[in-house]
Amino acid sequence: MDTTFSAEDLAFRDEVRAFLTEAYDDDLKARLADKATYKEAQIEWQRRVNAKGWAAPGWPAEYGGCSWSATQSFIYENERSAAGAPDMLPFGLKMVAPVIYTFGNDEQKQRFLPRILNSDDWWCQGYSEPGAGSDLASLKTRAEVDGDDYIVNGAKIWTSYAQYADWIFCLVRTDSSGKKQDGISFLLIDMKTPGIKVNPIIGIDNRHTLNEVEFNNVRVPKANLIGEQDKGWTYAKALLAHERTAIAGVAASKKELAEIREIAGRELSGGIALSSDPLFQKNLTDIEIELMALEYTELRVLAKAASGAHPGPESSLLKIKGTEIQQALQKLRLDVAGHYAGIQTEEAVGNEYADKARVDYMYGRAATVYGGSNEVQKNIIAKFVLGLK
Amino acid sequence: MNFDYTEEQNMLKDSVARFVQDQYDFEARCKVAALEEGYSADNWKTFAELGWLSIPFAEEHGGFGGNVVDTMLLMEELGKGLVLEPFLATVVLFGGLLSRGAADQQQYIGSVIEGSLQGAFAYAERQSRFNLNDVATQAIANGDGYRLNGEKIVVLNGAVADKLIVSARTSGSQLDSAGISLFLVDANAKGVARQGYRMMDGQKVANILLQDVEVTSADLVGELDQGLALMQSVISEATVAVGAEAVGIMDKLQATTVEYTKTREQFGVAIGSFQALQHRMVEMFMACEQTRSLLYRAACSQSADQAQADRDVLALKVMVGRAGKLVGDEAFQLHGGIGMTDELDVGHYVKRLMMINTLFGDADFSQQRFAELAG
Amino acid sequence: MDTTFSAEDLAFRDEVRAFLTEAYDDDLKARLADKATYKEAQIEWQRRVNAKGWAAPGWPAEYGGCSWSATQSFIYENERSAAGAPDMLPFGLKMVAPVIYTFGNDEQKQRFLPRILNSDDWWCQGYSEPGAGSDLASLKTRAEVDGDDYIVNGAKIWTSYAQYADWIFCLVRTDSSGKKQDGISFLLIDMKTPGIKVNPIIGIDNRHTLNEVEFNNVRVPKANLIGEQDKGWTYAKALLAHERTAIAGVAASKKELAEIREIAGRELSGGIALSSDPLFQKNLTDIEIELMALEYTELRVLAKAASGAHPGPESSLLKIKGTEIQQALQKLRLDVAGHYAGIQTEEAVGNEYADKARVDYMYGRAATVYGGSNEVQKNIIAKFVLGLK
Amino acid sequence: MNFDYTEEQNMLKDSVARFVQDQYDFEARCKVAALEEGYSADNWKTFAELGWLSIPFAEEHGGFGGNVVDTMLLMEELGKGLVLEPFLATVVLFGGLLSRGAADQQQYIGSVIEGSLQGAFAYAERQSRFNLNDVATQAIANGDGYRLNGEKIVVLNGAVADKLIVSARTSGSQLDSAGISLFLVDANAKGVARQGYRMMDGQKVANILLQDVEVTSADLVGELDQGLALMQSVISEATVAVGAEAVGIMDKLQATTVEYTKTREQFGVAIGSFQALQHRMVEMFMACEQTRSLLYRAACSQSADQAQADRDVLALKVMVGRAGKLVGDEAFQLHGGIGMTDELDVGHYVKRLMMINTLFGDADFSQQRFAELAG
């Protein structure tokens, strides 16, 4: 049992730091923060990382993965978060790509994977449907065979960044005769296909991130079907655990916690820094201790994965605790911001950290609902870890 | 001992409830929120006509002579409708201070009651956080009067108020309890600059810059240097009022959530049939009931001895923050994705609850003050 | 809406105080605290209260009740708790007596009620059974008709103070053919009847309060049946809400909280009184605020009851919150006691308040289980208040 | 990075687990608890024979030269069996201090390893609560040596120890960090009076009165006046050890509770099928896993820089207290009435967890120290 860094690990850390210093420059930072330039800046950022060969560390080496050790992954995530550099968007790299390289055919791999790596295509995810929620398998969007194509009709919802997307990967119903998990297929759909309509959804953070995507007689070539027809549920499910692990966001929470501590050192109450207020300290360290634990819980899962084991139901623990910690941090930042936390205006009347407090808090409410709600995660642990029926 | 409303109170309650139901559904509320002023002048006129604006004022000032319970039940019903009209700012805070002022100042009460005067109480500052005694705004003696300099932030109704009551330091240093005085200031007086903006609950507020604003000694509200006690007193009343508003909101969120889970189906059954969710909704219910109990307690103790009354108000404020958070969190979580959209009312109720938590000092701040007063 | 005391209320309060000062004297206190004299002291205490006419304030006036207003009940409970005087044992006065005067016949009322008032009989409760737990209605102890008697066989468990009891009131099965709630009868059984065996159960507090009571062919006259045969479940259930209300123990918790605050003022940490430690203050006031709320929740229920309404499912709220507060206070006392909290010995090596801390904590674990577990109470609220199915 | 045990460590773990399973079931444990000494001399002999008593000691002192992980896994397995034998008191605390002592003192390590010497570390006092620096016991210079006067309380293994290490003040005032020294004292020395008694987890402890107890300067453990750092260092190690014991206990309680709910029927079904209870058992599971993670973290950081290592140990101690309480509470609640009887093992596991929370400073105390060290 040992978590000390080897000389190679330390050298790798230096390499990561040097890369981030150069690639994540002030100009890019500014463009990422601006709504008008966000999309192209995010794409450029991924291309810079991809040029370094680090866009998809978790992929198999043959498709462009890094074959990093668990320690290297840990180092990379920590350095990236500490630098404040954004994660790659997960929809292409972490969600659809593993399905393509695991279950897709050679043509699909050659066609899509390099473009995903280089962010040539912007992907979005079409799983949830109006009314389906955590009961994903009850989806109703149907795809009917018509010659060499499928004709898709229905609607997907909660689709992040669909307004930017070139492609959407969808679960669609190709057979309604059996139980609901059967008869689902995994389709890749070009967003430019006629019949697709994107309706924006304004969130409680007052931003436009989410969308509803309607499909009206959308024609999709059979070549865009992953694996076998009616087996899509199996493919999607196999990768859901990956998504959960990613949601934990330990490194990002560490950065956020340090930032809050620093802000509280400047914020005064009764002339004294809030950081020395005993209740603030209690609230902060309650979270910090859980986060210190979760960091090692994640390392334990990573170490297990590095030794060849697939992430199992324990990834549900990462998701639950990770999102609870994120929300607790969001609440704490909001509390620190005091009066300023409620300001919702375009002009700069409050302060930057407080504006972020409100937006993050509101946007963050969804974390315990998406990726399989935390209640569903608890059901998974109860059933598959504790053996309760 | 009884917790019943009088017949008159029941009539008032019904009248407010009817207004909310008939004229203030969520769609109507969104329209009000879109207005530049942050409230509807028509609605305000209705409030005046129905006599609501007169409730807390003494009969000798032309008021209804109502007590804390009257204001409480009105605020609870307004809470259920997320009513944006500035009853709290103009009637409870500004009006409450006028009532404690000199005769010359009390004469404005009539205008408040008839709905022709909007007021605001400007006390918070950039550095003050929740400490009423942290006042950097200066009032320097200047002939018969004073010259005010400083900045006030997040002033409720501050963007549209005709008159302001402003806290400023007439002696002592920034954190001293003594040496704070209150001044009645015309919002259009020379040297007053207002920057209006929105809060997440739809309220219109303002930052107010005071640059060499001249006031006379007749504009002094209450005694010189003794403003803190006055502020505390009116804020205590206002805390019970927003406590009542919070209880209205919490009950509404709780009921909405329970109803939603009865109709929303997942895995082939209504999600309200899942025992884990049922038990959490029971926690919501208990949180609402416990908050209501502290509301009644604080209302009943307003006539009791001061120390006990202060503790009761602070206990209510702590519970509003904590129980309100629990209810808001669960309302979001049990509504799932749909709860996180701007078009559903749930998020708006939660945001108002969050703003009430911060108002006058959040749960942690209030709890520490509560502990200091502990017997 | 008004909770101020009238002049009559204040006069009543003075009368209660005067009575307690005289009747609850130091000699009685000492005898109540001593295991060897506890039983007779508890009986004598009830007789003194009964002599004043206050043993059963809640009973109908015709049987000896006080017809107190809600305010008077509140005053009495507060004064009694503040004085540290023990409550009357509930088994006779609050549990079996309401069943007798509501559902019993005249002969039963005349025979039992005066003796209950004067503590001539010590009662215990025979509801729970080994294996039944919160599912009370699944009870198996059976009573078979034999001429003018029932023959009772089976066992009851968790019977408090059965070792002292003269009588036990039991739910027994007289019919197994229908659904489990039917076919239950309510029997009064003399503990001296042959065939009854009391087996002590040592609790985690290392004391003997609980027992198992075995019935081997115990002959019970039919005259001891309350109401109709097979209808006992209805009788017992009607009174369960009363029991729950009593469990809330608001007045006792107020006394306990004041005591802990006072102890923490004497207990030092780093040379400073623990009462000024910010985390201690947070822990204490967290509980205090909930308790202040519960006091008014109880008053609201009392006021409603005074206006003629029966305590309904909201009594479940009193039970849940009341026991949660009790356990939180027990934990806090234990924390204050520090090293001394763990001492379990007959000799006085620690201090008195710490010994009480351990015993109360351990004994108090049962409060969230008995009287219908808190989980069952939540089911009741979910179903009957929130209308969830 | 890896969290694997070495082959040697796996063998050790298996050996302890086998002992607990074969020779330390609940019935056997109750018999040990009933012994006057508070532990079984036979078992202690077995521990010595199996080499367990030598684990943390350096090879140069005849020890196994084990590291923190070795002690950790041993303690975890001992925890699962609620083992009463004083490994913590004699080997980790007393032995840990001996290792840090002079050569003359280190010679006793051999006796500890062969099981012939019992030791105890006497540091807590009536007024000290959890503050190691609060030392009222006096060591007054007396010729070549010192004369000790004072009282130590709740000394683990204090009733039967052959030798004690005692903290006493050689300079400064009662709460000073400097001026504390440690002395090796024969338990039968003139002036040492011991009152042995039981704790609720079955341990035999003692209050120890020191009246004019004479020691020489050769009995000084470590540097004069510098005892605090030594105490902190060995207590840090001991905290990781009891953290491991706690993890063993928590896992056991969690597994026992899950198993119980699978067999216990209410309302015609296993209570483990109720979703509300399932979700609470998931909370128990997560509490266990998070505590284990902090245990591993604290174990791994023992070689890291001191400030980080101290924070990791304190974080572990906080989590042991809080998560331990959650697991203990749920174990009681989900077992219902049967869990509250002395004859079931559940209560005994919970009591030991509670004692571990208090040991060396409870969760609140540890959290405040943790916050003070915050970066």
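Read from first to last, the chains carry the letters A, B, C and D; within each, the first residue is number 1.
In this section, a contact is a pair of C-beta atoms (placed from the backbone, for glycine too) under 8 Å apart; a residue touches a chain by one contact, two chains touch by 3 or more.
Model, not experiment: these values are computed from the prediction.
Of all chains, the one whose mean C-alpha position sits at the greatest distance from that of chain C is A.
Two chain pairs, B-C and A-C, are weighed by contacting C-beta pairs, with B-C ahead. Centroids built from CA atoms put chain C at 43 Å from chain B. Centre-to-centre spacing of chain A and chain C amounts to 53 Å, using the average Cα coordinate of each chain. Between chain A and chain B, the centres computed from C-alpha atoms are 39 Å apart. Residue numbers of chain A whose C-beta contacts span two or more other chains: 278-279, 282, 375, 378.
Shared interface positions of chain B, i.e. residues touching 2 or more other chains, are given as 274-276, 278-279, 367-368. Residues 124, 127, 129-131, 133-134, 153-154, 174-175, 195, 197-201, 207, 264-268, 274, 276-277, 325, 332-333, 336-337, 339-343, 347, 350-351, 354-355, 358, 362, 364-365, 367-368 of chain D touch chain C in their complex. Residues 278-279, 282 of chain A are the ones that touch chain C when the two sit in their complex. On chain C, the positions that touch chain B within their shared complex are 1-4, 69-71, 74, 261, 278, 281-282, 284-286, 288-290, 292-297, 299-300, 302-303, 314, 317, 320-321, 375, 378-379, 381-382, 385-389. Put simply, chain D touches chain B in their complex at residues 274-276, 278-279.
On the side of chain C, the complex with chain D involves touching residues 128, 131, 133-135, 138, 157-158, 201-204, 206, 210, 267-271, 274, 277, 279-280, 283, 331, 334-335, 338-345, 347, 349, 358, 362, 365-366, 368-370, 373-375, 378.
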